[in-house]
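Each structure below appears as structure tokens.
There are two complexes below, and they share subunit A, which is joined by subunit B in the first and by subunit C in the second.
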Partner chain A sequence: MIAIGGREWALLGAVIVATILFSVASPYFATAGNAGTIVRNSTELMLAGLGMTLLLAMGSIDVSIGILMGLAAIAVAHALLAAFAPPLALLVGPLAGAGLGLMTALVVVLGRVPAIVGTLGLLGIYRMGVFALLGGQWLSGLPVGLTELMSSRILGVPLSVFVIAFAYLLVWLALRRTPYGPQLLSIGNSEEKARLSGVPVTKIRIATFVISGALTGLAASFYVANYRNVEMAIGSTLALDAIAAVVLGGTSIMGGRCSLLGTALGVILLRILQNGLLLVGVPSLWQAVVTGGLLIGVLALELPASRMGEMKTKWMQR
Partner chain B sequence: MFTQFKTVLAASALTLALCSSAFAQDKPKVAFVPQLIGIPYFNAMEAGGKRAAQELGVEFIYSGPVDTNPVDQLQIVQNLIDQGVSAVSVSVLDASAIAPVVEAAKAKGVKLFTSDSDAPDSGRAVYVAQATDEGLGTTIIDEMVKRVGPDAKIGIVSGEATASNLNAWIGFMQKQAKAKYPKLTLLEPQYAGGTAQRAAQIAGDLMTANPDLKGIIAVASSTCPGVAQAIETAGKIGTVVGTGYCSPNTARAYIKSGSFGFSVLWDPAQLGYLTVWAGKQLIDGKPFAAENAVPGFASPVTYNADHGILLLGPPAVFTADNVDKFDF
Partner chain C sequence: MRRLSRTAGTSRILLLLALLWVAVILLFAVLRPTMFSASTVTTILQFSTILALVSLGQCLVILAGGAGIDLSVGGMVSLSVVLAMMAVKAGMPPLLLPVACIVAGSLLGLLNGLLVTRLKILPLIATLGTLFVYSGLALALTGGAAQSGVPTWLLPWGRGMILSLPMPFLTLVVPVFAIAAVLLLHSAWGRWLFAMGFNERSARLVGIPVDRGRLLVYGLSGLLAGLAGLVSLAWLGSARPNIGQNLELESLTAVMLGGVAITGGIGGVGGVIAAVILLVTLKTGLLQLNVNTVWQVGIVGALLIAVLLIERLSKRWS
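Up next is the complex of A and B:
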């Protein structure tokens, strides 16, 4: 589950190969400045992907995370406009996200709606929420307090990197050192068997949606810090990118298996490909093709056709 | 249920507007129906319309839907026609559905025309247009060259590749560069969709890939914040001039930080003024000339008789000097 396995080595290899190829093709790729750009562009996806890892491992999914991030970002933006201290504004994101995650859980878990259908419905509802809250106008040029906080350096490393590392560590501990990890994976393997063996299935499923919401909400704090802006279309590519990175990282879309390191490497590989392709002159329109193609490629290689049917039943059950 | 509630709301807002105007019945009434009430852009048009009404001696009625619902909008237009306004202008939401309302207006002798958003084949009296695609495309290149020189390299970050208006603007940028500044290098346009994250990512990568880049144009207004933020983050304020088609409220912080040199759009307050002026002309039965002197306009307003379009004029350029005078 967490140990370095074949998938992680393969991803690491892919990252290294991509780095070498792009370095040869473009003199601007292998520079400290560009490395910083890639890391900065990865922050929200690192966190949203972490939440998605848990959801997929549980055999569930949430396609509304992008717009959930948007709603949480509006909360963070208003906290900044109301002159909250930056550390407090940083916390507003995960708090708002956890609240929204609970709402998602109420619909999907307690309402017994299949996750893919329920979150698709919520996607529409949340999007209208963003439109209503923004009132036809974006929040632009937000105060710099949070930006300065996140880019402040400790031992030469930006605070944002520590926050992300801390989030990964917390989730790793929860998976490895508490009953939560085995219970989550057993639900992912078979919800029925998990229930029979005494796993508090409903509780774990609600908790996982809340945790994913909080992590996506933390991503919202990063978004506001990075771009000082909340626009109508915020997060519209987040769900696709997150699912692609997580699946690339070796977490099973069927549930029952997850890799945190794989997710992190998947995010980095995705962003390196997007960055490198533009640097060597491939039009940005192709970036979505790369993301989608990787997702399909990995799934086609991983899932024998017989298990595709199983996936369908699984998603329609939840 | 909700739709009914909205209709009631819109109707009561309308009644209120009509009641408050009951004292000045001798003046002709010019109405404007925006796409949506309560957003800064149309608020600015309303303010311009009010100013024109005062100066030109007409009564101005401003009423519109609470969300961008074409059915609600047509209902409001129909109500205004029934209430007996002399002229009504619409920023059209659904060009294909407005024809019956145009007929109803004609039957009652009400001058119906369009502003801001047109319905070309509806039989409307005139269209008051904010700017041409060509004007927007050439202005942004001319203003950019003023700041970075005629031999610079400039990047273009657009929104959706499918947006026809954005593609038209890019086309005129390329045309202007080719015709007037042969040494200017315009990079192939990149498409960022609607998020600040993608715009910042692409603008950042463009600057990395082209260390000699002198300017970046954010074509979709939604790409302005991302492009500006990328210039700030890369520490390229002063080396790379950002710009885009975005409102002063969106661009203000970036123009002040220096990541944006300027921003190009039109002034909706002037558009509101011209709308009421056009309504007055129609009521008075005065035909539009090829060039019209409008009070408060620096240059004459041109009229294209073939297409029935009254053009506001060249686009407005917002800079550090004037950005605070606008609120939309």
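Up next is the complex of A and C:
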């Protein structure tokens, strides 16, 4: 589940090779300032990707996480404007996210709407919600309290890094030390077999959507701390980035297999590629092309053809 | 026997859609009585054209089963118009513009088909990836700017009308849907499509070329997207790189609303065109009430989820 396998070593190698190549290609890449930028840009995706890892491992998906992060970010911003203490404001994100995740679970799990179609519909509804709440305006110039909290250093390391590490540790413990992990993966392998062998399938699926929502909501707190504004286009590529990073990390899109370390490395590699390409002069409009291409490229190279038939039909029953 | 039940189901859906349509019209009649005029009918049909063509492609892909879904339809519309206009600018005779749109669309669709049938990538992930690649390419190649230079001889077709019915609707949507309906119900390929969607294993056992059929429907979806692009060129007089935005959501909603089962094998094109007209009537009415387009996206999303919830619930009760 998190054992360091060939995939993780390969990703680490790719990260190193990409770093070397971009350092040679651009004098701005290998600087402390740019390293900070890459890390800061990775934080939201680290958390959203962690949630997406669980969803994909369960054989499900959520394409609405970007705008879900937007809604949670609005909640965090209003908490800050209402002069909440920064630690409290930090918690508003995951709470709002968990609520929205529960909403997704209602539609997808209890309503039995296929995840891809259900979350696509929710994407439209949530976007309307973001627009209604923002009224076409930017929420900007937010108080600095949360930003200061997240960048306050403990032993020289920003608090944000600790929070992300703690989230990964919690999820890892849940997967390895509680029945949740095996149950999640068995649903990913075959929902029917999991149900027959006594796995509380509905409960686990609802819980996973809520956990993913909470993690994406935590990402929203990071977003507000990083940028101190919320605008209409928030999170428009988060879902694609997360799916690409998770697939890159070796989690199977048909469920049953996941790697947390792979996801973290996938996020770093993706952000290094995006940042490096920008620095060598590729316009930012190409970013979606590169990410989408990467996603398809990885899948084209790795998918074992044999497992497809049964898996395909399974997808539409979720 | 199947055929009988299918037509019976279709007529029930058509009746339901007609009732809904009347309800929508009555609603707008109360809210804004001035909306009713011959020009509104023209507007609705004009706006329906692009969505109708794209939804037909979506319908074929979903009918063919195997968890088939085409999220990239909007990207294909955008990219095919951009590619065709770039070809004209690069010296291709403008007379070939319509052919270029169709060929570009078909090739993009076939690429989707190859990813799904040959590389065995899950349709929803493959077309999610190509959605971002195609729409990203359309933006990146043009820098986001609309491309002018559409030959003027195209405009009279795109904007003209016969008896206040728009030309593209009469000359493209009506014949294309008629051909599709006849082929689906009375040709071998049409029956095979239903068979492979209804039960893939038995379709393979009786020797239906399932993979070739699916490759074909993804190609057709691309071809229809190219045609939709052509309509947008002739209508708007320029190639807009974002013309296909939100089409994946709207076409899915139209297809689901039109009574096509998400698992494939059940449905028909009559319901789809009725659903398209219903959707566009709703959108046109909202536009006339000065409702922001973001609200329209939200309402379409809500409609999509509502349709699927109702379908699941009615299945449980019957």
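Note that in this section the second predicted complex is superposed on the first by the 309 of 318 C-alpha atoms of A that agree within 3 Å, B and C clash if a C-alpha of one lies under 4 Å from a C-alpha of the other, contacts with A are read in each partner's own complex, and residues count from 1 in each chain.
Note that contacts are C-beta pairs under 8 Å (C-beta built on N, C-alpha and C of every residue); 3 or more make two chains touch, one makes a residue touch a chain.
A quick note: this is a predicted structure, and the numbers were derived from the prediction, not measured.
In the superposition on chain A, A:N41 makes contact with subunit B only, not with subunit C. In the superposition on chain A, A:L285 contacts both subunit B and subunit C.
Subunit A is touched at more residues by one of its partners, and among subunit B and subunit C that partner is C. When the shared chain is aligned, subunit C comes close enough to touch A:I125, but subunit B does not. Contacts of A:G33 after superposition: subunit B is touched, whereas subunit C is not reached. Touch criterion not met for A:G13: it reaches neither subunit B nor subunit C. When both complexes are overlaid on chain A, the residue A:V107 reaches subunit C alone and has no touch with subunit B. Comparing the two complexes, residues 237, 283, 285 of subunit A contact subunit B in one case and subunit C in the other. Those residues of subunit C lying in contact with subunit A across their complex are 66-67, 69, 71, 115, 119-122, 124-126, 128-133, 135-137, 139-140, 143-144, 200-201, 246, 248-249, 252-253, 256, 262-264, 292, 294-295, 297-305, 308-309, 312. Residues 61, 63, 107, 111-114, 116-118, 120-125, 127-129, 131-132, 237, 240, 243, 247, 253-254, 283, 285-289, 291-293, 295-296, 299-300, 303, 305, 308-309, 311-313, 315-317 of subunit A are the ones that touch subunit C when the two sit in their complex. Interface residues of subunit A facing subunit B in the complex, by the touch rule stated above, are 26, 28, 31, 33-34, 37, 40-41, 44, 135-138, 140-141, 223, 226-229, 231-237, 274-275, 278-279, 281, 283-285. Here subunit B touches subunit A in the complex through residues 36, 38-41, 161, 188, 190-198, 200-202, 204-206, 208-209, 211, 222, 224-226, 229, 233-234, 249-250, 252-254, going by the rule given at the top.
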